[in-house]
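Note that the chains take the letters A, B, C and D in the order they are written out, and that residue 1 is the start of every chain.
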Amino acid sequence: MTTVAVAGCTGYAGGELLRLLLQHPEMEIGALTAGSSAGRRLGELQPHLGPLADRVVQETTVEALTGHDVVFLALPHGTSAAVAAALPEDVLVLDCGADFRLTDAAAWRSFYGTEHAGTWPYGLPELPGQRPVLAGARRIAVPGCYPTSATLALAPAVTAGLVDGSDVVVVAASGPSGAGKSLKPHLLGAELMGSASAYGVGGVHRHVPEITQNLALLGAPAPTVSFTPVLVPMSRGILATCSAPLSDPSTDSAAARAAYAEALAEEPFVTLLPEGQWPQTQSVLGSNTVHLQVAVDAAAGRLVVVAALDNLTKGTAGGAVQCMNLALGLPETLGLPLVGVAP
Amino acid sequence: MTTVAVAGCTGYAGGELLRLLLQHPEMEIGALTAGSSAGRRLGELQPHLGPLADRVVQETTVEALTGHDVVFLALPHGTSAAVAAALPEDVLVLDCGADFRLTDAAAWRSFYGTEHAGTWPYGLPELPGQRPVLAGARRIAVPGCYPTSATLALAPAVTAGLVDGSDVVVVAASGPSGAGKSLKPHLLGAELMGSASAYGVGGVHRHVPEITQNLALLGAPAPTVSFTPVLVPMSRGILATCSAPLSDPSTDSAAARAAYAEALAEEPFVTLLPEGQWPQTQSVLGSNTVHLQVAVDAAAGRLVVVAALDNLTKGTAGGAVQCMNLALGLPETLGLPLVGVAP
Amino acid sequence: MTTVAVAGCTGYAGGELLRLLLQHPEMEIGALTAGSSAGRRLGELQPHLGPLADRVVQETTVEALTGHDVVFLALPHGTSAAVAAALPEDVLVLDCGADFRLTDAAAWRSFYGTEHAGTWPYGLPELPGQRPVLAGARRIAVPGCYPTSATLALAPAVTAGLVDGSDVVVVAASGPSGAGKSLKPHLLGAELMGSASAYGVGGVHRHVPEITQNLALLGAPAPTVSFTPVLVPMSRGILATCSAPLSDPSTDSAAARAAYAEALAEEPFVTLLPEGQWPQTQSVLGSNTVHLQVAVDAAAGRLVVVAALDNLTKGTAGGAVQCMNLALGLPETLGLPLVGVAP
Amino acid sequence: MTTVAVAGCTGYAGGELLRLLLQHPEMEIGALTAGSSAGRRLGELQPHLGPLADRVVQETTVEALTGHDVVFLALPHGTSAAVAAALPEDVLVLDCGADFRLTDAAAWRSFYGTEHAGTWPYGLPELPGQRPVLAGARRIAVPGCYPTSATLALAPAVTAGLVDGSDVVVVAASGPSGAGKSLKPHLLGAELMGSASAYGVGGVHRHVPEITQNLALLGAPAPTVSFTPVLVPMSRGILATCSAPLSDPSTDSAAARAAYAEALAEEPFVTLLPEGQWPQTQSVLGSNTVHLQVAVDAAAGRLVVVAALDNLTKGTAGGAVQCMNLALGLPETLGLPLVGVAP
């Protein structure tokens, strides 16, 4: 068995990591650490994790995390670097935070306002050429949930040249679990239930440079994205509606579907739905699966792609475990649920 | 008192019309008609309309509707023309369906597949020049809920020349009440709760030509819109995220806000929120108010506008009553709620 | 016009008071006060209250509240007494908090842990004999939302002797707005959406002595209630399922319905639904209406009553305005919505 | 491998059976049958079941079901008997419908209005003495979702003599997936979201005799239950609040907790939460786990127990797979999720 520690085990990302690791046949769960909740029973804070209910949360320290083969960091932005630096190089460290995702230090500073910690291999295996990078890696930056949805939605189109990655528009409906357990008024249930609201509008959301970076990686010569996240009343899930101008206005939906079908033929977690069927987040809830559908809007001259995923599973913890599998040389899909909890 | 009949009183639009008419100081509610529910107590079908609970639903016939000063039609698409034709010309008829909204018969045939019934004055008072058209009108086509949201969001920008109405992208999160009480599997509660899903993607939704027509009315020389509706788990409300390329890339958010503030200064029902505050549908639930916010995304070169409204109130029945007030020479805001039911 | 101040205007109860007062034809809204939010625009905190958006919140002080005919207190428990004591005796003060509801000082101490502030006339007009008490009153204790639902559900049965008020069981599903805007982890949207949970179980909820007190007022010789509140994923509304052993096991549903029909015949806000129709909270959302239905379960020997109301309207702010109307000698129903916002 | 067929694969119970069977290490999924959906791809109807998306639904016939080791019936009430009778006696048949649950033919006729089909071993392994009955059984009646919740909540108390099973009151909040995919107006999303409603009140719900039967099995000499189901806005989950008069008024919460702790010590799927922690359905969503908490309300003289489970998992399909494991001699917990999908 391979031992694994989770730093930040009391948050939503940490809880989802543990839900998945409990189902994983090769992993033995070791230290569970957190900040202000240290000393409490995990069952008080994550009552759904029955088999770990009696575990006591330790404080997040290098000592507590040392001695494991794998360490997941699900910590506030800006705090991973110090922890990671103190762990041996041969320990696999996967950071679910943003610290090591961006390659451009100026973009980091502009959007996060602090010094750039560095860049780790980017944990999106579906990016062309990325699986060999992740195989054997010992530091992995797990992508953000919105960038995962937008990138997976658009990658086949950019790669196939259907669109060139400029003038991309992404509007993503999301549940509030992506914002974590922060005690903020706008995250209260009474504020969110029965209501939809936009936030981080106008190019200011921190996931914008990450989406742009991914489009560039896919070959977009001058990527731009107008990205708007919309909070909607569901605890989990992202439904991303992505569109971009067609490179060739004569491309039709059949051609677009063919390009997607070819690009996704071997992907275990990304499914192009049959023609006429559009993604719904319920179908992928709790799973590592992404559902895609694509259409050409000839009158508007745009390719439209809709992606559904679970922000906590494929969007965070499931994607992280998928990367872990690759880094450890295990089957990529090992222990990861393919089937959503619906209805 | 002015007498009013509602045809289609058992559906969601009809119920909302009656909720508003019950609060209206000048209206006396007369015949309530429907199709298959004729003969039943209204209270069985619309239990929230207490004061009308003991009214018996009549069958929708010309006889039943005759003798009222105002007739609202909240009927399935394609059925209004016959009813309207049989009503005297001096009766004010407001059609909440689509039949008379489009001016382009070819667009009608292409999206609705039937012969075009004709064109009535379009019931969106906020369109420049439209109030005089509606004053005294006796036939009014009430706009669709999505076109209301997109048009109100974009009108100040097109009018001011901030954008030219081409390459518009609208993604609108909506509750399922807009789809009516149809017994369709995808509208079941278990399918919708905890889930977001897209439908009518790729330029095929019937509201596309109506949005394009409105952009043209506003002066857009070559309007196009990529429109995607997204069902989210709330019974009411639309949150429309609308964007379009800036005509002048140097336009900043302050200039955009100034143009909106000027355009909306006298509008009773459309409010530009203070800077930094973004619309949420809860704030306008049950009211005839629309909340807007606008920002420039300089990197993406797009103006982004978010609009929140209640699809049944300002998006349908409230908008209809607003038009009725104008047509009858009453104060435009008479009897219409300005304050949302929040949280 | 009568002037009114609202202390605690930034919470949910305060917001609902203002929503209703804005619709009230006799009231002029004066000072709006709060604690830590003093100095902010009301529109930031209550964006649904458009007409008051530019009002600046004042600090809750006696000075700010002085000079109004009516003062509503929507303050944390335990803080009303000091404010009320400093206001002139001829000012109508309505306390939406618990401080003055209980007559039994020992019960207060046992459930609230502080000294008892006193007892004011209890603001539930539907209690037999209570309207004369409220007419002209200058201090009124507005009931809790759960006691309102349970008391209105059971009053006709106790009064008619169908049940004797012993062994009452109340389980009430409620939205979280009743808990206010407190920043507590269990009130986060991600925790509440898609989930139901019980709290305050086993006789420890603070509304227990208030329900018992009301049953005694109705004539129950030895009232007891097992009360369990259940949080469910809706922002507003209470659905209370109440049952009690039948005094006479041969009572049938028809007899029970007859007793309720008689008791409620003149009540403007409490409606017995037609036979076979059961309450749903949606039907009364945003209104001051209560829907009831009653049945006899002969095999279980119990009378079962289900009540639906809006916890913020009839359960708090609407009930308070109803009392205000009575105290001021205005028509009891003035300015209060009868129709719910459904669906 | 053991082969399994699912009749009624297109409904919610059938879909959940398949979700669980896909995770089960010993089962090979064979025929998938249904009624009116025969001939369609399963992926159209159950898009979350990705690995089975290309399977074509067969018509439910004896021929299609023949040749499997295990057959699950998830059919409308009243239709299982004919199918089951035509299957060989050595095939394990588990009926998720009600047909074979009741032992009392008169109770069946009274609540279902048809002739009684018979009685099969009752598939609730947690009932004292039931595991040996299920081991090796070839016909099993899977319990209803509400009876599962109420019985598991009360069994330790009745068995330990804390209560005698008379005057039981159960109010259970539930999501609408328990009602299946029926196209009924009250199950539409717009009707359910933001609303709670009671149904089947007054002793008329079909699960009443099943709960009473279970209480009698547990030793209650004269069981009665007042049962009220309440629909709340979540797709899945039951939160059952159950209470009954204490046999000995001096019983305290500690004694009650001790009795529950002892009774549940060896149960793999039923967990007594630590003192002070109350169940929430989110914690058990998608899992076969039941969370319980118990308290004594001394003033009311009642024991109060709250149970949370997933109506489709432990309440139907998970409970069925648990019985299948026992009947086949497999480990009882094999393939069944213990951890909920939260938040």
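The rule we apply is simple: a contact is a pair of C-beta atoms (placed from the backbone, for glycine too) under 8 Å apart; a residue touches a chain by one contact, two chains touch by 3 or more.
These numbers come from a predicted model, not from an experiment.
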Identified repeat of the C-D interface (over half of residue pairs identical), from A-C, A-B or B-C: A-B
Most distant chain from subunit D, judged by the mean position of its C-alpha atoms: B
Winner on C-beta contact pairs when A-D is weighed against B-D: A-D
Approximate Å spacing (C-alpha centroids) for the pair subunit A, subunit D: 35
Between subunit D and subunit B, distance of the C-alpha-averaged centres to the nearest whole Å: 44
Per-residue multi-chain contacts in subunit A, two or more chains: 12, 177, 190-191, 193-195, 233-236, 280, 282-283, 285, 342-343
Subunit C residues touching subunit A - in the complex, by the definition given at the top: 12, 175-177, 179, 181, 183-185, 187-195, 233-236
Of all residues in subunit D, those that touch subunit C in their complex: 167, 169, 171, 173, 190-191, 193-199, 201-203, 208, 224-226, 228, 230, 232-237, 239, 241, 243, 245, 253, 278-283, 285, 293, 295-302, 304, 306, 308, 342-343
Subunit A residues within the subunit D interface of the complex: 12, 15, 19, 22-23, 41, 43-44, 46-51, 53, 177, 193-194, 235-236, 271, 273-274, 277, 280, 282-287, 289, 291, 337-343
